[in-house]
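Presented sequentially are two complexes of chain A, the first with chain B as partner and the second with chain C.
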Partner chain A sequence: MKYSYYPGCTLRTKAKKLDAYARASAKVLGFEMEEIENWQCCGGVYPLSGDEIASKLSSVRALNEAKVKGQELVTLCSACYHVVKRVNDDMRNVEDIRLRANNYMKLDEPYLGETEVLHFLEVLRDRIGFDEVKKKVVKPLTGRKIGAYYGCLLLRPSEILGFDNPENPTVMENLIRALGAEPVIYPYRNECCGGYISLKDKELSKNMCDTVMNSAESFEAEMLITACPLCQYNLTKNAQSDVPVIYFTELLAEALGVKEEVDANGSF
Partner chain B sequence: MEASKKSRSEMVKEISGTNPLKCMKCGKCSASCPSYEKMDIKPHQFVSYVINEDVESLAKCDSLWVCLSCFACVERCPRDVKPGKIVDAARQIVIREKGGSYLVPDEIPELIDEDMPQQLLVSAFRKFRR
Partner chain C sequence: MHGIGVFVCHCGSNIAATVDVKKVVEMAKLEPGVVHAEDYQYMCSEAGQEKIAQAIKEKNLSGIVVCSCSPRMHEATFRKCAEKAGLNPYMVEIANLREQCSWIHKDIEEGTEKAVILTRAAIAKVNLNTSLEAGESGVIKRALVIGGGIAGIQTALDIADAGYEVDIVEKTPSIGGKMAQLDKTFPTLDCSACILTPKMVDAAAHEKINLYTYSEVEKVSGFVGDFTVEIRKKARYVNMDKCTGCGVCMEKCPSKKAKSEFNSGLSNRPAIYTPFAQAIPNVPVIDPTQCIKLKTGKCGVCEKFCQAGAIDYKQKDEVITQKYGAIVVATGFEVIKLDNYDEYAYSQSKDVITSLELERIMNAAGPTKGHLERLSDGKPPKNIVFIQCVGSRCAENKGKSYCSKICCMYTAKHAMLIRDKYPDVNVTVFYIDVRTPGKNFDEFYRRAVEEYGVNYVKGQVGKVAPQADGSLLVHGVDLIDGKQLKISADMVVLAAAIEPNPTVRNIATMLTASIDTNNFLTEAHPKLRPVESPTAGVFLSGVCQGPKDIPETVSQAGAAAIKVVGLLAKDKLMTNPCTAKADELLCNGCSACANVCPYGAISYEDKLINDHGIRKTHRVAVVNSALCQGCGACTVACPSGVMDLQGFSNRQIIAEVDAICR
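Let's look at the complex of A and B:
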C-alpha cells in the first residue's frame, strides 16, 4: 500500500526522528509513504478566521496533489494533521472558501475535498490494525509503563478531526499495548502544553507543562510518547521532570526492531 | 463613534462565524481553559462583551495573547458558541491593524534556543502578527 506523505517543516529539521522512525516502521509493516512534491509549510496553526484564504492554500496544494495521485494523505505531525484536515473540511463543506480557493488555484479540475487525510496513528489503527502491528513486534516492551500525551491538536475539534474520543482517547494506549508495554492513563493527557505561547510567555507554558508531567508522574508513567514536535519540545524543555518524552514512532521502531538501524544511519 | 464600535462587534461575529447569543452562561469554557488564571477577561465573559458590542475592551485585554487555541472551550461548549473562535477573531482585529503585531522578527534572536522546533515559530507568527 502506498500513501501520499506530507512531512511538514519541523520533520525536516528539529523532528527528524519522528519522520525517520516512522518510515522505517512503515517498511516493516508493509506500507510506503511517498513524499509529495513541492510541499509547503502548513503554517502550524489552522487559520480560524472565516475570511482567510491565502493561509489555507498550502494545505489545498498538498491535498490536491494526493488527489491527483489517487492516494490517501498521511501526516505524522499533530499540527500538520490538524491544519490540513481542517482545511480539507473547509474545501468539502464551506462554499465560500471552496469557491475562492479554487478561483485562486486555477487547477485543472476544482478541488472539492476528495482526499482522505490520515494521521500515521490512524493508518496503524484503521488500515494495518493493531493486531497486525503486534505480530510484527520482535522486541516487546514488556514491563514498561508508558503514558500517551495527546495534547490539543490531534483531538479537537472532534467534530471535524474525528480522530478519536476527544475526552477519552484510546489510539495511543492501544498502540502501547500492541507493543507489549502497559499504558498509563492519566488525567492531563489531553490538555494543552502551552504550545506556541512558550515563545513569548515561558512561565505560563512552564506551569502547563508541569501540570501535565506531574499528572503523568503521579500515575507512575516512566515515559511519555507524543506525535507533536512542539509538545515534545515544551514538555522536555519547560517542565521540571525527569520523565522522558519521545515520539511515538521511536517506541514503535524500537519494538519492531529497526530503531538501531535508524540511529546508525540518521543524523539527528 | 457608536457606528465604529458596532462595526467591530459585527466584524468579530463575521470573522468567527459564531453566534454569541446562543450562550447560556454555563461557564464550562472558562472552567476548561488552561490559561484561565492569566486571563483578565475570561472566555465566557468574551462572549458577553461581543453581545454588548464592547470590542474595544477585548482589543485591549491580555487574554488575546494567552489564549492557546487549544479548543478545549470549543469542544466542551454545550451550545456550540465556540469562545476560542471569538477570542481569535478579536485578536485578528488587533493584529490586522498597522502596529498591532504582538511579535516582531527582531525579537526572535533573543527568544529562541537551539532545540526550538520550527513549528513553534511559524505558529507564533501566525497567531501574533499579520
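Let's look at the complex of A and C:
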C-alpha cells in the first residue's frame, strides 16, 4: 500500500526523529510513504480568518497532489494534520473558499476535497490494524508503563477531525497495548500544553505543562509519547518533571526492532 | 343556484399586518362563481360567524371559502357555522392565510400576492365540492393505557373511577415506573414509595382496571372508538395464578449476576426476580438471558423450592387481541446515555454518578441501604459537586436542546437532604440558571441556599479529572466572580437530561401519532388541546409529551382521563365522510390500491357490470368507509385514476393547482 506523505517543516528540523522512526516502521509494517514533491509549510496554525485563502493554499496543493496520484495523504505532525484536514473540510464544504482557492490555483481539474487525510496513527488503527502491528512486534515493551499525550490539535474540533473521542481518546493507548506496554490513563492527556503561547507567556505554558506532567507522574507513567513536535518541546522544556516525552514513532520503532538501525544512520 | 361566498379574516393583526385583506376581497370578487366577498377582524368570533351565516342565507350561497388560520384550528368552527345556516358543512373550504402566509412572510406585497393565490385555489376547489354526509360509528367502552408509571396509573384510576374498563400495558414486570425508583419527592420531601405504592395497590385492586405487566403492545389497527390492539404477554415462566409471592425462588436462585434495573445497575439481582419489594403484581419473572435452566437445561433450583408449583419453564409468550375505544400513551422517560459527556468522567470513575443513581443510593432499599457512600471504596464523601444541565439546553448535536425541567428541583432536593443528614459534607452546585417556577418551588431552592448552606455557583464545568488518590478534581468557572475554579471533590453527581422512552417511536408509528424531533409526542394543539394527539382517539399522559415533574404529570394524567371519559361516554361518533371511493365501471381490480392501504380498508368483489350493453363480471375494489382514514394513498397508486377521495377528488386538486399556476 502506498500513501502520499506530507512531512511538514518541523520534521525536517527539530522533529527529525518523528519522521525517521515512522519511515522505518512503515517499512516493517508493509506500507510505503511517498513524500509529495515541493510541499510547503502548512502554516502551523489553521487560519481562522474567513476571507483569507493564501494561507490555505499550501494545504490545497498537497491535497491536490495526493488526489492526482490517487493516494490518501498521511501526516505525522499533529499541527500539519490539523491544518491540512481542516482546509480539506473547507474545500469540501465551504463554497466560497473552494471557489476562490480553485480560481487562484487554476488546476487542470478543480480540487473539491476528494483526498482523504490520515494521521499516521489512523493508518495504524484503521488501515493496518493494531492486531497486525502486534504481530510485527519483535521487542515487546513488557512491563513498561507509558502514558499517551494527545494535546488538542489531534482531537479538536472533533466533528471535523473525527480522529478519536476528544474527551476520552483511545488510539494511542491501544497502540501502547499492541506494543506490549501498559498504557497509563491520566485525565490531562487531552489538555493543551500551551502551544505557541510559550513564546509570549512562558509562565502560562509552564503551568499547563506541569499540570499534565504531574498528573501523568502521579499515575506512575515512566514515559509519555506524543505526535506533536510543539507539545514535545513544551512538555520537555517547560515542565519541571523528569519523565521523558518522546514521539510515538520512536516507541513503535523500538518495539518493531528498527530503532537501532535508525539511530545508527540518523543525525538527530 | 350556484354562488360562492368568500370571507377574509384579519385575525387581529396576525393576517392583516402582512396581507392587504381589502385587496384579497377585491381579487376574490373577480373569480368565477363568487357572488359575495367581505372581510372582518375576527371571523371566528360570534359576530364573524353571524356575518357568514347571514350571507349564506341572504345570498343563498352554495359554498364558502374562509380565508383565515390553519384548518386544524377552525375548520370545524366554520363547518358548524355553515351547517347551522343550512349549508352542507363539506361545502366549506379554508384558505390558510396565517400559518402558510402572513406568519412566514414579512413583505406585505409578497404576502398579499400569495394570499390572493391561496384564496383563488380554495375558490377553484369549492366550485367542485359536493355535499357529503358524515356516517356514524360505535364506541367500544374500554380504554388502553400504555405505560404503568405514575402517569399511566393515575390516568387509569381516573378513567376507571368514572366507570369504564381500563387495561394498563406495562413492559417491565411491575407497575410503578420511575417514581418507584425515587427516594423523596420535592418540594414536600415526602417519601416517593409512601405516596406511590397506595396508588399502585388501588390500580391493582380496582375492579375496572386490568394489568398486563411484562407485556408490550405489538400491533394497533382501527380508529377512534374502535381500535383493535394486539398485546404480547411475555413469558414470565411463573404461573401468575399459582405464585404466592413468597420470594423463596429469588433467594435460592444461583444466578445472581444480572444488573438490577431498579437500582440503576448499582446492585445485582437474581435471574428470577421482582424489580423491587413492593412490586405489583408481586409475581417474579425469569430473565431468560440469565436463567441457567433456560440457557443450559440444568439447574431448576427455583422449581424445586417453589411450594406452590408456580414455576413453568415451558411457558410461552402469549398474544391477546383486545378492542378499545381510546388509547392513552404514558410511556415516560429514560435518563440519557452519557457517552457524549466523557469530560465529566462518568465512564472513567465510579464516583461520578447520575442523579437517578444518587436517588437509589439515598434510598433505604437501595444498594447502600440509604448510606451516602462512594461506590469506589464505600467511604463517606466529604465534598460533593453537582453539575446541572448535563445534556440539557445543549446547543450542539451531542445533547438535547430542551430544558429537562425537573433537574433544578431534584438537585436542590439532593443538596438539601445531604446537608441535612450529613452537615459536615460540603455541597457545591454548578448551574447555568436555576429554574424553579412552580408552587413552593422557589422557596424550596432558597431554603437549600439560605438554610442549608448549599454553595451554588453560576457557571459550567469543563472537566472532571479523576486523580491518582481517587479524588475528583472539578474544573469549573464562576461566571459571577469571573474566575476559574478547581474544586477537589470525592463524589460528582450529574443531572443528566431526560428523554422520551425509546420505545415511544415504535408505539407512535403503530398509532400513527406524530412525534417531534426529540421524540416527544406532539399535542393536537400546544395550548388548547395539550393532552390529545392529532390522531383521533389517542391521548397523552406524562413525560411522553414533554418533560414534567410528578405534580404536573398527575394533573395531565387526570386531564387525559377526562378526555377519554368524554369520548367513551358517547354512544356514536360521526365519521369523516372524506373517504376513498372506487369508480367500479373503470376499475380493473389490479390490487394496486389494496397493496398501499395502511388501514386494510380495501377489499374486492366480483360485480356484474353492464358496459354499453355488454354484461360481464368484473373484479372491482370496494372501500370500507368505516376503516378508511382518507389518507389518499390509494388515489395516487391507482394506475387508471379510478380511486377518488371524497372532498379531495383528483379534479378538485388539479383545479387548485391550475388556479395557483394561472
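Methods note: the second predicted complex is superposed on the first by the 268 of 268 C-alpha atoms of A that agree within 3 Å, B and C clash if a C-alpha of one lies under 4 Å from a C-alpha of the other, contacts with A are read in each partner's own complex, and residues count from 1 in each chain.
Note that in this section a contact is a pair of C-beta atoms (placed from the backbone, for glycine too) under 8 Å apart; a residue touches a chain by one contact, two chains touch by 3 or more.
Since we're looking at a predicted model, the values are computed, not measured.
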| item | value |
| --- | --- |
| Chain B versus chain C as contact partner of A:Ala79, first or second or both or neither | first |
| Touching partner for A:Pro187 - first (chain B), second (chain C), both, neither | second |
| Contacts of A:Pro229 with chain B and chain C, given as first, second, both or neither | first |
| Which of chain B and chain C A:Asn168 touches, first, second, both or neither | second |
| First (chain B), second (chain C), both or neither touched by A:Ser49 | first |
| Residues of chain A touched, compared between chain B and chain C (which is higher) | B |
| Which superposed partner A:Val245 touches (first chain B, second chain C, both, neither) | neither |
| Contacts of A:Ser215 with chain B and chain C, given as first, second, both or neither | second |
| Chain B versus chain C as contact partner of A:Ala101, first or second or both or neither | neither |
| Chain B/chain C common contact set on chain A | 191 |
| In the complex with chain A, residue positions of chain C that touch it | 341-343, 345, 347-348, 463, 465-469, 473 |
| Touch list for chain A against partner chain B, complex | 8-10, 13-15, 41, 43-45, 47-51, 55, 77, 79, 151-152, 155-158, 166, 191-192, 194-201, 204, 208, 211, 228-230, 232-233, 236-237 |
| Chain B - residues contacting chain A, complex | 14-17, 34-35, 38, 65-66, 68-72, 74-75, 84-85, 88-89, 92, 102-103, 111-113, 115-124, 126-128 |
| Sites on chain A touched by chain C in the complex | 165, 167-168, 185-188, 191, 215, 218-220 |
